[in-house]
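Below, each structure is written out as structure tokens.
Both complexes shown next keep chain A, but they swap its partner, so chain B is in the first and chain C is in the second.
Entry: the complex of A and B
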């Protein structure tokens, strides 16, 4: 049977349409907007690279707070969350089916219920009065004399954001790793046992990780992307954008601030493009580390 | 004849006066104490004299006829008012002596009414023209205060006297009394009316909030609204705050010291039942209190365990003076005219702080019964007058020493006041003079940096912050300078980077097609034939493939003393450059301090010692490694240091505190990497399992400690022997000479 060259594309069409409409076109528009000065009411005028130059030279808040915060947050929450995901996935993979499913659901739920959980759980735990759990415990132990304003003090907000970020990092990547571990070939473990593997740890190093490299890569990229895109934590915890003293200001919050509070869409678009570039670079690094070397 | 004598006497007197006037030059020549200030590293450094002894007041001279000169005994407190009167709390004689600041008697207050006065405070009320003298009395003197004699001994009171300033003292002559026994009319001394009266007094507050403790006022301070801050002896709840309303309303406790909870205490408390909380520590009572015109309360605490012994408290009781210098045995505190603070310790030291808590000066000292002016037997209080003269009270020598600020100090104060009022540009002039007088006075350098920073002259600010070792300011000005540079050069920078990137890409393409760089490749290959070079270059492979690396060290001859020496020298060079010549913000060593020979010895000895100990332990626990291999493996394991540390070094030149986390991350990554490599080196070179490796590492550390301990003991023994031989030699020489 003869097929024309267009046939595969017809089959691909639904995906291409959806991907273009929801991913490619918005990115293209954002890149286009980043070269303009646009306030959502008047039509945008072209300003060239001005937004980018301003971003790196004039926006002292970006350089002084936003960028360091984002990198600190992502460097800890990205790899930290990744390691946590892997360790948890590996340890619950050792259970039988029923408890495994329940545990997987439990670990996965924080990333689903982020906003709600943050309001009802973390804001009470780190409440700034003496009735917040952490304050109450510390006061009771006599470690502090007066309650600490965890969520509005510029010295503690980022730390709490990192804790919450780690707690909620068991997302899609976690599920992928779990699936990868579950799908590992049992024969390989048997062969390994015959070849002299003594314990679970060696099993993990010599068999599990090599067999699930694709899932590891996927999880790593997801971890990085999530860490950089995780903007809601600081704003929800502190209840304000910008966060107090810009202590928990991440790039996403900065985009929000310029885009939807000041309505400087052109500048916000430029910041988003910068964020896109940063994520791309880090994903490249992850691919280098975990990708197949063939 | 008589006239002539008088004239001669007059001339003589004048000569004496002239001589005595010119004499101060001699007394200035040598002070019995050194003056210290704090440099940017927080160390005490000597500086020129800040205050010089001016006079000593050991008795109050009386110019009122019929009243003799007075001496005070065990004076416990002093207050000086702006109009030049001083109020001396004469504890032993139970009275308050009012005198002018040059030591002339004005009047005596509180006789008969005071029992053991220890603290005094003075408020001039401009509304009714009276001056109110608040006296903290440890006991009660008068029966009318409390009829119970025991209670009078137990509890004290605050007595408030009032008088009108300038009212002359009146002497009421008394009729002679006839004594029948002797049969003579005896002259009676006149009764002296000092024209004061008791306005009111305050006893122990009746409020249940006061608690069960006693009320023994030690010191008192009163703010403009009349609220009294009273230190009650032994009351650990804080300063007793009493409002004058309704005959004294207890407002609560104020400014208590914090209890420091030690780890040991927490553990004890954790294991103890709730009943046994008797061991809970108590906060120390402040030893003195003062109030300034703005109503800020100053306290000082004598105890050694107090974290913050000098405090400036706002209305809510929060400490605003965050100082690193906390004297022990502090007994007196006084606010100065420039928001500066004076604190004195009973051991004889006087401290001056800025309003932020930076130590400006420390001087004075303990007098070892030499009675030298400028030293003290036991300071009890301090106050400062309108000309910044310090009046320091000594309760054992029974005198008040007056100190005069030097020109240097006056300049410091001048710049302080200008700077605090935000007149940064004006403050530069006195600061410049200060720096001319003492270029190592870091307070001036820092203030200068601030002044230039406010003027947005960041280059100068950077220069002065660097001198003052002020890291935050340095970082901020550096950020501004770097930002300026980036603003004008970022475009070029990007263009250059892009061009380089393109060149590399194009060259790579050409190379792939035509083999442009094959010549260099061949050269490198040739070079690698040299054993030593290939061994040194192998560290790159070792860092990423330590297991293969260890195999190569063991079986493929990647080990030689040449390579070991080269890598060790490389390590030393990187370490020394990084330690002494790194960017200011990441530098941990002080300027001008070099221990390079020690560093070199440490590196060589450290590596050799660590390898030797590991080797010794490995040989007795089935290890396969040899000394040379272990040493080589250790040096290879430090490859991340060779690669990352130079990057950190260069980064340290251009980062500010904002980006400091990048340096920290790099450090963490480096050390974790090194640790993993070291672990794998031990494991692979000796062919151990993970468990065995941990065991061997533990034993190795223990062995190293034992070796160090033995070396230390041997050193002490050797030193003893050498000393012994030396003293015998000395003895022999001495005898022979005899």
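Entry: the complex of A and C
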């Protein structure tokens, strides 16, 4: 396309200015702080890689609970939520307009109500006394003799977090996939039918997915980022940070714990940088899978 | 072409083949509908039903007591609820409009123009969206006080306008706009601004609708700006006020007021989604080239 050299920069300028001032510079400061022992009151002292060394050698809670929890949670909720989003979006795209609209709203509703629903709904469902819905049903059926402390016991908290995580995973990625499927070119499907595509499943694999790679990549990156950043779940469900026995402690909670409870900002910043690196690695994998070769 | 019966996507009428998909989806849909039903019922529960054990899902004797209590408690605090609603709407709408304008412009440049640092800017943007928000709270505060915009509406609006997720999303859709279309317009003498207004914007409408839903939700529920950057109570947002209510939930009254506040918080999200979903699902991207 014929454009003068400055045109792209004119289009980019407003975004770049706000993006740099309110996002890039703060991130740069945070990365800088990760090399200090900043406690938010005194001015930060440079300590080199001390925080990072401590994170991997001294912080037994991080290595023993936080890291394994985060990896388990994210590996199930990330890909699981992604597949669920795609399958549901694809399924409702097969319907006529009215039912599709209603179902889209229903599947998206957990994202709309996230905070509120978690606070009241899930805590009542999994309440630890015999009045909790799950306990009441299980007691009624005679499967258990006494109520299970779902949200405060270290053996069940992570499982419930994964259920809630999957339930709320039809977020923005789901909408993007839905928009992508609905915008696919009809001619491609027609050509596919001529080339011998027989059923809906083949159509999905050979036509739908390849034509909407940009949306698939967006949804995949969002699924990964959300799975790793979805820290509120465990703390909201169990009502405390740290979560009981560190059973539901994720990296994000660890950052909050150090940054805003113990006020060790330097260390919290180092943990954030470690998290950023982990997410980046997973996103690179997603980009390899779905990215367009340039 | 004899065997081709349509691709099954966006069918015009009900077909037998849809039944098996309905059978799988309906139970799931009912399960996922619970939170909406619950939020509605909860807000209209009278006091004795809110504290009933075991808690009931549905409301038996609906009442508007909770809403009256909510309005009263805001009035007693000296700031009418309408002031918080106004603040929230002003901030959220400004961020949504501003954010979409700058993101679509940047997405167009990043997707369809060739220049040196293009790849670099896109990958920085992508890394930025992965960074944990909690970690940048204090550095952001330092910048906002450095710019002397604390305690103004700008402190609510400016930090949130640039949204890396939104740029990423819109750029992915602009990628699908055929280059041939832009070239043709360019040969006909259209300036880049005209191409942006008359080709890019209409063709990425689904992405814009999705982006608006997303940014509305995140700004509407944001409490960080009210907590950290604004001290005057009369300039804080509805979400902030709703959160102060939930902190006081040990009060018997608190439960009901909180339930009413969560419904009021939820309604705008719902309305926006209902209005915009048809744009999200609009099938039009290829109409321009045929």
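Convention: the second predicted complex is superposed on the first by the 282 of 294 C-alpha atoms of A that agree within 3 Å, B and C clash if a C-alpha of one lies under 4 Å from a C-alpha of the other, contacts with A are read in each partner's own complex, and residues count from 1 in each chain.
Rule of thumb we're sticking to: contacts are C-beta pairs under 8 Å (C-beta built on N, C-alpha and C of every residue); 3 or more make two chains touch, one makes a residue touch a chain.
Treat the numbers as computed from the prediction; the structure is a model and nothing was measured.
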Combined model on chain A where chain B meets chain C, clash or fit: fit
Arrangement angle, chain B at one end, chain C at the other, chain A at the vertex (C-alpha, nearest 10°): 140
Touching partner for A:158 - first (chain B), second (chain C), both, neither: neither
First (chain B), second (chain C), both or neither touched by A:178: second
Which superposed partner A:250 touches (first chain B, second chain C, both, neither): neither
First, second, both or neither for A:265, with chain B first and chain C second: second
Which superposed partner A:149 touches (first chain B, second chain C, both, neither): neither
Chain B versus chain C as contact partner of A:167, first or second or both or neither: second
Residue contacts on chain A - larger count, chain B or chain C: C
Closest Cα approach, chain C to chain B, once both complexes are overlaid on chain A (Å): 17
On chain A, the residue positions that both chain B and chain C contact, one per complex: none
Contact set on chain C toward chain A in their complex: 1, 3-14, 17-18, 21-22, 24-25, 28-29, 32-36, 38-39, 42, 53-55, 101-103, 105-106, 108-110, 112-115, 118-119, 121, 124-136, 138-140, 142-143, 147, 158-162, 164-165, 167-169, 172-173, 175-176, 179, 182-183, 186, 192, 196, 206-207, 209-210, 213-214, 217, 221, 246, 259, 262, 265-266, 269-270, 273-274, 277-278, 280-286
Touch list for chain B against partner chain A, complex: 258, 261, 266, 269, 479, 483, 486-487, 490-491, 658-659, 661-662, 665, 689-690
Residues of chain A touching chain B in the complex: 53, 56-58, 60, 63-65, 68, 71-72, 75, 141-143, 145, 198, 201
Residues of chain A that touch chain C when the two form their complex: 1-3, 5, 7-9, 11-12, 14-16, 18-19, 21-27, 29-30, 33, 40, 88, 91-97, 99-101, 103-113, 115-117, 119-121, 124, 131, 133, 136, 167, 172, 175-176, 178-179, 181-186, 189-190, 192-194, 200, 203, 207-208, 214-215, 217-218, 221-222, 225, 228-229, 252, 255-256, 259-260, 265, 268-269, 272, 275-276, 279-280, 283, 292, 294
